[in-house]
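See the structures that follow.
Two complexes are shown next, each including subunit A; its partner changes from subunit B in the first to subunit C in the second.
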Partner chain A sequence: MGTLGKVVFWLVTAFVLFVIVAPLAWIYLTAFKSPNDIFTTEARKLIFFKPTMENFNRLFREFPFWDNFLNTVIISVASTVVVMVISSLAAYSFARWNTGKGHLLFTTISTRMFPGVVAAIPFFVMYRNLGLLDTRFGLTLLHIYFNTSFATFLLYGFFKEIPEELEQAAMVDGYSRVDIFRKIVLPLVRPGLAVTAVFCLVWSWNEFLFSFLFTRVAARPVTVLISSFWGSIEVQYGPMAAGAAIVILPTLVAAWFMQRYIIRGLTFGAVKG
Partner chain B sequence: MAEVRLENVVKMYGKKMAVRGVSFTCREGEFFSILGPTGAGKTTILKMIAGIEPVTSGKILFNGRVVNDLPPQERNVSMAFETYNLYPHMTVYENIAFPLRAPRWRLKLTPEEERKRVEEIAAFLGIDRLLDRLPQNLSGGQKQRVSLARALVRKAEVYLLDEPIAHLDAKLKFSTQTLLKEFAQRYGSTIIYVTHDFREALALSDRMVILRRGLVEQEGTPEEIYYYPRTDFVGRLVGDPPMNLIDGEIIPEGGTLFFRKGEDFTLRLEGRLAEQAQDVSWNENGRKVVRLGIRPEHIRLGGEKPSENAFRLPVYAVIHESESSVVTFRLRDNTFLYVRTVGFCKYGKGEEVWLDFDPQWMFFYGKTVEVLREGSSEK
Partner chain C sequence: MRTEAFSEVQTGYAVARKPTIWEVLTSEKYFKWTLLIPLLVVLAIFMLYPLLYCAYYSFHQWGMRGEAIYVGAQNYRQLLNDKAFLEALYRTLKVLVICVSCELLIGLGLALLWSREFPGENIVRGLALLPLLVAPLILSLLWNFMFEYDFGAVNLILQALGLNKVYWWSPQRALYTICFITIWQWFPFSTFVLVAGLRSLPRDVFEAAKVDGASPWYTFRRLTLPMLSPLIMIIVVLRTMWLIRLFDPLYGTTRGGVQTELLDWIVYRTAFVYFDIGYGSTMAIFSLVLTIAVCAIMFKMLMRALGGTR
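Presenting the complex of A and B:
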């Protein structure tokens, strides 16, 4: 790589880094600013200001932040657990026995092919009749519905990578189907399971549209709370940034955790060893 | 130990027939080989015996009992796969111990007993220093021996070995052959051994079958297969250089039958040979044609005319091997004739030599394979 190449490489890297880091930095800086510092036009104050916990105090005192945060945790974790159980078994079945000759797999995946909003109206009517509106259970069900297709599709690829002969060898060695799934298939597909689970968790954690439409008070996730700071009269940047700063943390951890596994997941084809 | 019998076994993959009615019996305690070129259906047959692939029609019997519908877990067979199929997340030790730990066999070994069994078979195959490694850190030859160890560690009704030494280097191949032979004799095991290498099959087997495009071409002892090949295909497959196959005309003249190979040579046929030649000959452009087969070591060379049937040809090339030489002659139709002589052959290129076919080892065949000519490829 020549000097020019190096310059271009670092320019592009710096640009990408800026695009990713700038909004995060802005959120974390704003979270610790007083209202005056937030709205000042003084450029120096962008970074140099007197930090305050005022935004966090307001967030915890005046808004049901922790209740909503708990909703998010419960809904995303519960839906991910259920999705992983359903999808891993379904994907294994699709990958190994071609269950439904591809039609069933396509039907499963096709639930992802139309805009979510299209499904929102029939779901809304259904939920109203069933009394599922504004319940954690109801929103969890919706997240299961949307994530199952995606997770099945992703896991299908991972299961497909495991050579069938490996399982045949284990059958000859005297193991039952269930034992083979537990002792051979699951350990080998673990990186794939981790990647899929994290994707589902993050998607459910960040999900806004259905949370916004299907919850009001009791089951409201934290994403909807944060958006409510953007009122028609004023935008409360302080509490909004403080809330975002906390909510983002788990996903940042997940992203860091995932980068290890995604690389493993991508090079997963090396099963033959 | 079990006797394994196949009765008219057919395997279809969709509309493609991979195995077209194969029958053979592997007796109890026998070392039985299935020899054939790529795509003959060897592995498919092994997998059907193991219960991995369902049989389309026909029967597979263990000790006279039909096992067609039994899953692999119920058949108590053991198999070494050509592709090794080691479990990538387990160490070599765990791989070998895996069949011992299957609840199905109710072995219930203590950890010490298990370690003893694994170490014994690992030492037997020379992989005892690799026990803590993962398969990804092994060479091809090492993986192959681990897969063989995993197949042999457990007492099974029948051991199915699919090209188990194909990926070993020459020296290891030889020593592992010796080990396999010893294993078979020590435990009186029934072994069905699949290979494309005729040397392995001849060296190891009590009996063997030759498989060709899903059909049994010949069944017999290694001696029968080598010295009395039933078809030109068997003669070609077994032996290096393979059996010489010479297509020539048969001409009756004054009550005697002659085999004429163009301008190259003419042989007088008597007794068994004359009958055989008549039986298998076919018509080509109004002439009676037949295929003569003779192994390279059954042709004698000499400086003086050794018999009435002998003829002279110029030497095309001489290849010296360690304990013998292969002398090549080129016939006028661009096919080669190979002759193996004991010791170091002293003939030079172009030298005219007398060739004498040993009538005891001459065979006549119908034509079922194409003979390689110079500048073409064998089919």
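Presenting the complex of A and C:
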């Protein structure tokens, strides 16, 4: 690359990064603005303003933010734990024995194409009859459903990378199948388990359709609370930005530290970024 | 004699220990199926049951109260003449085509730019991938505010530059604004899939082409693109799967108003706002069949691509 090429390269790169990062930074700027600075028509005030904690104070005082936040934490952690157990067992079976000759794996992955509303209709009726609407348990079950296929497929790729010879050697040493899985395979696949678990946490953290349809007050996750600030009567941009700033922080941190694995995760393990 | 031998066999059986359930489950023959039991249970409950349920109610009229009335294929006939539904379907396909093609074009351009290693690469990649894991709902709320007519950052900047303010949520523009939000969040995805692809291409082929005096355009068209095609396929299929079910960005912005109603939104409105379970189920089944039809065309290729790059 010549000097001109380098200049063009960095100009384009800087522009693209600005387009990506500026809106995210905008959330954090808005979160610290007073209502007067939010509803301004002066372009200067987009960046220059007097920071205030007013929005955060209102958010914590007037809205059940931390209750809803706790719901999100409980639901995403609980569903992820269950998903990891189900998926690691299944993925190992698929990877080692090709169980179901690919058809079962295909069926599993195709649940990801399943429109959420198709599952939502019957479960809404069923939950209403069972009294599971607006419970954390009920929503956790639905999160288990939509994360299982993803986790199974991603883990399948990680299990595939473990050489079969290791397991054969262990069998010669008299290990049982269960011991091989517990003492040899699982420790080897630990990085893959960690990556998959973080993805499940993030998907569950971000999930909106089921959360919105199946909860009202008690089990409401924080994404639904934030969406309620954009009402038809009044739009509460201040608390909305403050809430969003807190809620997206863990996912931004996850994205930064998982950058090597994001592409792999989003392509179900097909592309190693 | 005979009875004695018989009783001997019997005792032989009685002495051999019957394997415990645990031993059967972890035996060489059944262990692989044992591992799958939890998954199969989840699939049966959360996939098979809703599917059968919706298929059943799609032939009934039911508003969540009273008895469901069997109406035959009437819901399906109604669906094919339902202008609102067909429009939502058309809009969904439009969004699909716009988003996938824009993401691919931007992605390809940036991938070519970033294909060689450069200083600060980790920082660029880290920043560029940030939006991918943020909740689409929150991003759409953010952009909804940024595109606000009076106070939105975009219009304020346009004004400061001496340009006219734009009414981003007008019925003519709203759908494209939603496309923009989606493309903004997802172009880093296709970019870095293609970067990974470009970096794994064999160097010697390209050097040979250079020695032979092939023009850059010719090399790109005849070598780079064909070798990237499995990855482009992966992007198209995965993005189609996600875009066909676009819901969150609608909730954060127009809530299905100003001519932006998409497929999943109209199903939601029918089943959960009007509580018309029968007709909603019909739409859901249709939407599922459509997803499968659209994806099945590409799915074989995807599976091959998934297998090929692994």
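Quick note on the criterion: the second predicted complex is superposed on the first by the 254 of 273 C-alpha atoms of A that agree within 3 Å, B and C clash if a C-alpha of one lies under 4 Å from a C-alpha of the other, contacts with A are read in each partner's own complex, and residues count from 1 in each chain.
The rule we apply is simple: contacts are C-beta pairs under 8 Å (C-beta built on N, C-alpha and C of every residue); 3 or more make two chains touch, one makes a residue touch a chain.
Remember, predicted model here, so these are calculated numbers, not experimental data.
Once the two complexes are overlaid on the shared chain, A:Ser176 sits against subunit B and subunit C alike. Of the two partner chains placed by the overlay, neither subunit B nor subunit C lies in contact with A:Glu62. In the superposition on chain A, A:Phe124 contacts subunit C only, with no contact to subunit B. In the superposition on chain A, A:Phe114 makes contact with subunit C only, while subunit B stays out of contact range. If you count the residues of subunit A touched by subunit B and by subunit C, you find the higher number for C.
Of the two partner chains, subunit B is the only one that A:Pro187 touches; subunit C does not reach it.
Judged by the touch definition given at the top, the superposed model places A:Ile248 against subunit C, while subunit B stays out of reach. By the touch criterion defined above, A:Leu46 reaches subunit C but does not reach subunit B. Residues 176, 270-273 of subunit A touch subunit B in one complex and subunit C in the other.
Residues of subunit B touching subunit A in their complex: 47, 50-52, 71-73, 76-79, 81, 83, 85-89, 98-99, 102-105, 134-136, 138, 143, 150, 154. Within the complex formed with subunit A, the subunit C residues making contact are 26, 28, 31-33, 35-36, 38-39, 42-43, 45-47, 49-51, 53-54, 57, 64, 110, 113-114, 118, 122, 124-139, 141-146, 150-151, 153, 156-157, 159-160, 184, 188-189, 192-193, 195-197, 231, 234, 238, 241, 244-245, 247-248, 251-252, 263-264, 267-268, 271-272, 277, 280-281, 284-285, 287-288, 291-292, 295, 303, 305-306, 309-310.
Interface residues of subunit A, counted against subunit B in their complex, comprise 163, 165-166, 168-176, 179, 184, 187-188, 270-273. If you check the complex, the residues on subunit A that touch subunit C are 9, 12-13, 16-17, 19-21, 23-24, 26-27, 30, 38-43, 46, 85-87, 89-90, 92-93, 96-97, 99-100, 104, 106-108, 110-125, 142, 144-145, 148, 152, 157, 160, 176-178, 202, 205-206, 208-209, 212-213, 223, 226-227, 229-230, 237, 240-241, 244, 247-248, 251-252, 254-256, 258-259, 262-263, 266-273.
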